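Naming follows writing order (A, B, C and D), and every chain is counted from residue 1.
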Amino acid sequence: MAQHFASDNYAGICPEAFAAFAEANSDHAMAYGDDEWTRRVSDRMRAIFETDCDVYFVFNGTAANSLALASLCQSYHSVICHEAAHVMTDECGAPEFFSNGAKLLAAAGEFGRISPDEVTRLVERRSDIHYPKPRVVTLTQATELGTLYRPEQIAAISERARQYGLRVHMDGARFANAVASLAVKPADITWRAGVDVLCFGGTKMGLPVGEAVVFFDRRLSEDFAYRCKQAGQLASKMRFLAAPWLGMLEDGAWLRRAAHANAMAERLSRGLADLPGLRLIAPTEANGVFVDLPAEVAAGLRRRGWRFYDFIGSAARFMCAWDIEAETVDALLEDARSLCEA
Amino acid sequence: MAQHFASDNYAGICPEAFAAFAEANSDHAMAYGDDEWTRRVSDRMRAIFETDCDVYFVFNGTAANSLALASLCQSYHSVICHEAAHVMTDECGAPEFFSNGAKLLAAAGEFGRISPDEVTRLVERRSDIHYPKPRVVTLTQATELGTLYRPEQIAAISERARQYGLRVHMDGARFANAVASLAVKPADITWRAGVDVLCFGGTKMGLPVGEAVVFFDRRLSEDFAYRCKQAGQLASKMRFLAAPWLGMLEDGAWLRRAAHANAMAERLSRGLADLPGLRLIAPTEANGVFVDLPAEVAAGLRRRGWRFYDFIGSAARFMCAWDIEAETVDALLEDARSLCEA
Amino acid sequence: MAQHFASDNYAGICPEAFAAFAEANSDHAMAYGDDEWTRRVSDRMRAIFETDCDVYFVFNGTAANSLALASLCQSYHSVICHEAAHVMTDECGAPEFFSNGAKLLAAAGEFGRISPDEVTRLVERRSDIHYPKPRVVTLTQATELGTLYRPEQIAAISERARQYGLRVHMDGARFANAVASLAVKPADITWRAGVDVLCFGGTKMGLPVGEAVVFFDRRLSEDFAYRCKQAGQLASKMRFLAAPWLGMLEDGAWLRRAAHANAMAERLSRGLADLPGLRLIAPTEANGVFVDLPAEVAAGLRRRGWRFYDFIGSAARFMCAWDIEAETVDALLEDARSLCEA
Amino acid sequence: MAQHFASDNYAGICPEAFAAFAEANSDHAMAYGDDEWTRRVSDRMRAIFETDCDVYFVFNGTAANSLALASLCQSYHSVICHEAAHVMTDECGAPEFFSNGAKLLAAAGEFGRISPDEVTRLVERRSDIHYPKPRVVTLTQATELGTLYRPEQIAAISERARQYGLRVHMDGARFANAVASLAVKPADITWRAGVDVLCFGGTKMGLPVGEAVVFFDRRLSEDFAYRCKQAGQLASKMRFLAAPWLGMLEDGAWLRRAAHANAMAERLSRGLADLPGLRLIAPTEANGVFVDLPAEVAAGLRRRGWRFYDFIGSAARFMCAWDIEAETVDALLEDARSLCEA
């Protein structure tokens, strides 16, 4: 199938990840994470984050986020998330399932970002036991609208969260794109800014399967391995989940590939913004472009074979995967231009 | 690491599986199972099972079994399983977690096998609402003691189960070994013998990750895709879970590889049984050898670097993976012999 | 404590309920519902509803609604409810807990009522497996704004629900007030209008403790007794839950008491609506009055010792319990009048 | 119905409890426990236990035990209980449901009692993440065989539990009988002996409905009110759950009534033990008599209208409720004697 913009998980495996995966396929290895690849990549994570964090590898983002949130709260607690957050809109009730009933509280906020005052509003709105007690704030970095939180924005939210005794979780399905775009150290937008747990996305970054759950506050990861096991998220041949991370992390491939995807999104964003009748609904800061598209343009693009998702209202979402080529972006732009000018 | 007998998941990826995995890594593909590999392997499954079954790919055996059982019962129901069944002893409460509380009822039975009369005993023991109502029987094929159920044994259990309104689930973590050893058609030990749902093990067969849940009674799989999604078991890049199955299933590799493992177990079993002081605790019918081992022999083997699991009492478990070599088996036997004769 | 308007559960036990409760306290009786009171009141329910329904007695409304909803859906399904519904706003995540993760979808609608088109909107909005599949519509009768659904309104919603394969649940915490106010037969606003399961409120009606779950479609109540038992909702001395219902139901006390509460609400509503600066935010159709109150009037009433709840925005909620006296209503009105004229 | 020995919940409400219940039924009262009865009885509990404990009132024993256990562990933990414990055999999976999957580990032990060494055995048996980690020991006082733990026995178990980081829970469905029989202070067999949480049984003691959960380690009760609310265990008219406790606790009625039941059990026990062919299977230390009964004697008693439960094997259980009369005991003995001598 040709390249598309519907989702960054349409892409395959990054060469660096594939090579490490293939290399791990030799001889026998201890199961369930007691192997050298898992050890090496966990150490590598600690180096990258410049702290002694706890790292767990699980199968997908649904599980990573849900397990992390479940470890931060009890069933009668609630989790503050943006109303457009993936955990709210696209996990089929997974956070509620894993936590056995914790409720998600929808925060408003421009461009997919939560503000400290929204945290305050949602915490202070109720204080009776008939409403689940807020216990966690979850941020998505990059957001569901392709924007980013800057370090100081995260720190401000974390500080507010702390005032209310809340923990801070980050859904980093596109964490690589965020780090590459912000040109910060990974620590600067995580633990140094008050994040307790990060779900570090592997699949969209170029892995075949798997995400990492990174606990910066190690007290929070007590017995987390049991939680993973019980929830069907402990891989027996763990080396095949871990090794691809090594390939991506060892020589900075993760950031190079993410930077490329970001650049392609920027190229697409600029091109679309120039067209008459098109309007970005959020600034393009990572690898997604969100644009209000006249219905006939959207229909025309689809007739020409392009795949992309509808977003809220008449908007469309174009995601740039790690492998998207400039030629593909330009071909899409060419088609869009001819449709807009028709 | 050298080859070992601790677990059949110490082995890597089967060449046939790897080749198909690598081949699937080209271009873009639709996510979440809407790709050609998933379609092709599902069709292939239907051909192999000679029936129009429903197939779902999930990440591991814990999830496969737990999701399948949860789809067959409600939280206040119970599941009859052998007291040595993996769901009972090694899933850290996963069946209870996925089903939100269904209880496992331990059945006794020689060599890891449940009998129809044990089903009757457990069903008829109680009939009040203070005890969870039996709703499912789960069989492990091959069993946790390396033995097999013959088609007529499965049929007898299924018939008994039907009398009580119970469904029949099969944990087929080593289903390939069972089919290869019994020399039956896959249908003969599943739906033709009354099995409603099979968890078909991929990992131990030679895949990097993933198991298949096969519903022979398609009414039972209604909304199962939602169940998988909510439970964090829907792979976004599904092709990488599906494609390796193609490699294994397309030219009978799955049965060849399983037959080899079985043969190696047979070789090991015969060799160990010949040694003075050693006694098999169950007949060797698949790829596992269970043997009562004098403590000093067990210790001696471990000193020489061999890895294997303790089993009940003073028994040891030796599993033969798909890639175990005759030389490795012979080397283990040689060491055992010298220890026994010492 | 004097009479108040904060909640209709501030009131004690209705004399008719108390007498039956006291009468049931003689000698021994079989436990867990196998007693004559439970049998008699269940039969009485079937007479009142003019159908062969299944009746279960549980401890409170949280449990009644949550267990009923859990019996109508699986964890990956969703439940359409009004955005102001008690299950959404005041159950601390109980529906999610009992169902192990089912999501509530908030429907908009004037005066606390859902419309058929809102059902359509919420069902048709999404059809992918990343969003929980709608499976139930729940209506609150009387609504959280003290309004009522007329039989034909319920029937229209049920018909729409059926088109989409949804079941219909009614939260009848104030069902008695609804029946008394609409002057209909209980069957007309339940099963004849397409309701599958009713949670019939006992506590607010005048019982010390307990609600009834009434299944009009008996296929839906299969094993419901097990569900109640597992969820801690099976009373051992069931007669004390059941008997008070007998007292209320046997000579129409439930409707007389509810009619009185409704009349008091009507008296209060008319009195408040006459005052300058006060505005009803919903018509008064049952036993609750919802009124926009200037902040200084609200504060003044509280200073004079009156208790009532804040509602959305600057509105206040005044609930009339079964025992509220006309003198109490008039005293509140007198205080409100003097504050408004100040 | 005449008096029987099947269950101590066949009995009605104790006069002292009834009087307090009736007295509480006056005027309005704040809902959800914010009333004077709840405050007074909580204070009374603290006086009786001579410590500043946290007290919660829930509807029944299933819920009390399950909520308490759920508050002491996570879903991937396990709970050590006697193999005959009510939570294991008669709660229809409630502990698993409330905890979302925690497993119960069956401890053996003579006369229904767990020993410290059994705790050690079950904790040390496994230490891998494939088996749920033990986190709680639960003791039943009086046990399911009508025996008692003496203070030093409880202390020994608690000490062992502490060594492994386990919490100690006591199922006190018949706590009153235990205190009355042992003639100890309530503190001596609870917190002074290392118990963290007690479920103090109200129903069997003579209440219409309701049990108390008493946290001696108040850190463990954080947010427990939310847990109760979410699980459908928060009574709106809480005064009717709380007041009966006042009646029982205020002048020692609870111990007088329990002592009477114990004395009746003693009378029955001695009488039965004297009969030829009958054999007590456990010493009679509280209000239950467990006796091996020839099948024809059991059948004969039932023909004469007596109700009692079968127990393990050919044993029968006779429970003496708070209201059982000496004449009833003697009538049963008379019938048993004539059957034995026939």
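As a convention for this text, a residue touches a chain if its C-beta (ideal position, glycine included) is under 8 Å from a C-beta of that chain, and two chains touch if they have at least 3 such contacts.
Since we're looking at a predicted model, the values are computed, not measured.
Peer 1: Where centres are the averaged C-alpha coordinates, which chain has the largest centre distance to chain A?
Peer 2: D
Peer 1: Shared interface numbers for chain A and chain D above half of all numbers used, same, or below, different?
Peer 2: Same-residue interface.
Peer 1: Any idea how many Å lie between the Cα centroids of chain A and chain D?
Peer 2: 50
Peer 1: For chain A and chain B, let me know how many angstrom lie between their CA-based centres, rounded off.
Peer 2: Chain centres of chain A and chain B, defined by C-alpha means, are spaced 34 Å apart.
Peer 1: If you average the Cα atoms of chain B and of chain D to get two centres, how far apart are those centres in Å?
Peer 2: Using C-alpha averages as centres, the distance is 42 Å.
Peer 1: Give the residues of chain D touching no fewer than two other chains, as numbers and ranges.
Peer 2: 75-76, 91-94, 97-98, 100-101, 129-130, 132, 226, 229-230, 234
Peer 1: Taking the touch rule as given, give the residues of chain A at its contact with chain C in the complex, in rising order.
Peer 2: Within the complex, chain A touches chain C at residues 75-76, 78, 89-94, 96-98, 100-103, 129-132.
Peer 1: Which positions of chain C touch chain D when the two form their complex?
Peer 2: On the chain C side, the touching residues are 1-4, 6-7, 9-13, 18, 21-22, 24-31, 58-63, 66-67, 91-94, 97-98, 100, 203, 208-209, 226, 229-237, 240-241, 321.
Peer 1: Can you list the residues on chain B that touch chain C in the complex?
Peer 2: Answer in residue numbers: 32, 74-77, 100-101, 129-130, 132-133, 223, 225-227, 229-230, 234.
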